[in-house]
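Below, chain A partners chain B and then partners chain C, in two separate complexes.
What follows is the complex of A and B.
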């Protein structure tokens, strides 16, 4: 069929917004709230969804995904909480330093790669640090639906425990906080053993925590489909490398502080993408030829696909070596 | 434009008719003189004015009669509409999507007034004016999915997305091309497509699933599918095969032009915002061969497609036995002239039949 052929542009649909509030939560974390310039409601979203924030950093376009933490039932405001990463590539620093109330920005439509399994008889949330953000939306949504949930939240210390006070005050008995500096840890094994049949577990936090939860759940006999996780990968800096793009008929250089996807975009190649964090699979690209080593960092490709050297996810993965030719 | 709604039946005396307007806008599914499976997806963002692609949920002259037929099917067999308990939120999503779309796209036919959670819905063609509380099932006469799909043409499969798959966990299915919601409920994408020939080997379903799981909010997609139906029957279900299957043997060279229908499904795909489910509306359009061949290009092309279709597909689509008679009829409308590319009728530019 071709009723009205349109070229699909890469990425999700966009929403123009105005920054309505910038609220420091603690020394490292700041909350950014957005409204639509015309006062129109935002599209509703499902808890666990993220938005990709477009930043114009002195002529350079940055696109970073952040979980929507606002109440999905509140169409007036979208909110994200951003942890400042002084060692990162600069997206969080840009938000912390440059973004002020009244600024106009562009967000993507919500995309959910970390949905709540609505069949769950009970939902157990395991958060590490800034990994708390998707759970704030999930808790709001599940409270409205009258579903059973509990939250176990590990933080470095009290001063950096974003939203721990609000959550504990609002939901006493459902929220447990664990502080590293008090040598407290989530008693994961006991926690998993004590859950009723039909419980789903969700984890969001550092890579090590996610692996720990999956491993422990498997060891304790949990079905794989009842354990859900989300880890946003930021692209990591690395040695510059050259790539030949055969469809576009050009050779481009990927700089130290940009991802392969960003380098393609900089050179005017309209490459597909969605999450920009190695999770959604949209940017999967075929490798035509290579001589060198891949640095695969995505959660999308299977181990054997990564090992085969025939696919790469340009949003987070890199390459070291003299020759890389992609079908793009 | 004001639509004149037909008073017609899809059973018994089969008084269903397409007006000249409906014939011209029929979604002819063949863009070239042959057909093979493909993941023929495109964005669902409008289309030429007056075409079935223009609005999010097309309303046409058959609306009121189709809804009457749906009510009859449901009265006989309530299992045509099912929703597993975790799909209620998706039902509200669907209700909102349809009410917002229809009231914006057809303001003279539908109105939606929202005051917080207090909603008033006016459906003029069906004489409905209901006020209810959004997300409170007790304020509607049916569950949200059933309520709104009793007022919307086409079948609806509501798919939960989890564990890297799509699951047929809710639906309203009364105008189907021989598949059963009651049989498929709870199945995943590969399970409910298991009976389709050739496409699995071609990797079609793996690619289609990947595409569908990536359909995002605000970016709906669409495709066409087709089959053949004897008599303008909406409800060609496995449950009622004993009633309609036999009708395939009643074709004669004299009645084939009036009885044999090309059945086209306009399938659309929307990500539902609150539930993250995917809704798959499947809208059925029927056209009698004798009406279809009034468009010379379509007459030529349909003959060639039916003639050259692989045997497995003609068998799967249920017309292998009648194919010779169909070809005898259609060959009268194929003069061998080339056809213009694309699906449109091109009445002003394509030559009339040369024989």
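What follows is the complex of A and C.
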């Protein structure tokens, strides 16, 4: 169907960058700013886009997606804000501990899986914790367009409320902060009911918050098309398993702490990917044969597709059983 | 019998479903003629629905046949008007005052549903979120692609444009913006060579 040009390598095109600033935002969050070594402008991006940051962690390649939080109108800088996850797989820890101003790094071209629907009459942003990052770019974009928006931002406490001070100072009346430690919560039902026709709502935050917003919006009569969300999943560890890759004619072993996609890449298989977080659908792979249980964790496949055992998203999903043969 | 199964056609041609109650803060129902039967069926599925419903009804040729039955459903607001155009200022006012959580139900002829859907979409509700159910006449609202004039209630193919008089072929190519099927001259190459008109879907 699609006439998209065939790329020679998997993933989005890459950009070489220099780390221009590393700015601690609070105890857990640090902002990383990037410029191009030759001072050239970055490719333009639309608010809501993410970039995949390539990290060389002692010989192991880590690829983590982060939302671009910088102003889309500023072509000189890309910026991301990263929350340190001490229990995570190590990507955020690597960035916090090892990346210094002046370092050379590689980013992917921006990919937008969470765009603003510019047909909307009004845009309501619901952020939970570090989920604030795409909204910083969206707010910058909508302010230039003169569009109507408001932000409701739930944080654990004042000390961890990244950018809450800047946002409330810059946009008084449009930004509301809710602190968990003060027992404050986003009054979602009331918020949804009062909105003018043609309003769109966007949510970025923990899984439970995203589900809560989708469920409540449906209960309150909101069309599905007016509710937008983005959640990147980090691959979860699991029992090692073996996979036969037919096209590549090899059998590989997926280790406990790596994803199926990462294992394929380690073995030199050029498997397609974009977001690496179960959202974009790019890595969808056909299952030729299997004996065992799939652990589907993606947001891409429909429930019946997941149940059918004919497809798997190697970036976040795993398998338990003796036989898995993939068309890759 | 007010239900009709339209033959499968090109992607441009609208398809209609069966109205079902959905959760919502307010319910706007727009129907003409036999479309009232779909609203009666809808109300029977959820007794609480009508307390939050606003019905705009255009009886057309059905006269008084349905109005009393619809009124008996005790909708929160009930308007009966002589034509869609007469109801339009009211519809636009209702949409401009509405909030998210409004559910929209359209029933009746294709012309009515198409025009109402275009208004609703212009107010910011995506078309996919609007429920429709066809009832009654299969007559079509046609636009002449040559003079752009609209001919309502076309029942034969070919037909004569009520504006420019060309002989027009009825196509399934549909404009959601205009809420009209596109009609194109059938005898442009050989003027006067016009096939005998046949009733639509016969």
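By our rule, the second predicted complex is superposed on the first by the 321 of 328 C-alpha atoms of A that agree within 3 Å, B and C clash if a C-alpha of one lies under 4 Å from a C-alpha of the other, contacts with A are read in each partner's own complex, and residues count from 1 in each chain.
Throughout what follows, contacts are C-beta pairs under 8 Å (C-beta built on N, C-alpha and C of every residue); 3 or more make two chains touch, one makes a residue touch a chain.
Keep in mind the model is a prediction, meaning the values are calculated, not measured.
Peer 1: Identify the partner contact of A:72: answer first if only chain B is touched, second if only chain C is, both if each is, neither if none is.
Peer 2: After superposing on A, A:72 lies in contact with chain B but is clear of chain C.
Peer 1: Have a look and say if chain B or chain C is in touch with more residues of chain A.
Peer 2: Counting contacted residues of chain A, the larger count belongs to B.
Peer 1: Taking the superposition as given, does A:118 touch the first partner, chain B, the second, chain C, both, or neither?
Peer 2: In the superposition, A:118 contacts chain B only.
Peer 1: Would you check which partner chain A:86 touches, where first means chain B only, second means chain C only, and both and neither mean what they say?
Peer 2: Neither partner.
Peer 1: State whether A:197 touches chain B only (first), chain C only (second), both chains, or neither.
Peer 2: second
Peer 1: Given the touch rule stated above, what does A:225 touch, chain B (first), chain C (second), both, or neither?
Peer 2: Both partners, chain B and chain C.
Peer 1: Could you look at A:280 and tell me whether it touches chain B, chain C, both or neither (first, second, both, neither)?
Peer 2: A:280: touches chain B, not chain C.
Peer 1: Looking at the overlay, what does A:43 touch: chain B (first), chain C (second), both, or neither?
Peer 2: A:43 contacts chain B only, not chain C.
Peer 1: Taking the contacts chain A makes with chain B in one complex and with chain C in the other, which residues are shared?
Peer 2: 119, 225
Peer 1: In the complex formed with chain C, which residues of chain A make contact?
Peer 2: 119-121, 192-199, 218-226
Peer 1: How about chain B: which of its residues touch chain A in the complex?
Peer 2: Interface residues on the chain B side: 27, 29, 31, 40, 42-43, 45-48, 51, 53, 85-87, 89, 93, 96, 135, 160-163, 210, 214, 216-219, 222-224, 273-276, 342-343.
Peer 1: Quick check on the complex: what are the chain C residues that touch chain A?
Peer 2: 22-25, 95, 98-103, 123-126, 128-129
Peer 1: Could you list, by residue number, the parts of chain A that touch chain B in their complex?
Peer 2: Listed in rising order, the residues of chain A that touch chain B are 1-6, 8, 12-13, 43-46, 48-49, 72, 109-112, 115, 117-119, 141, 144-145, 225, 274, 280-282.
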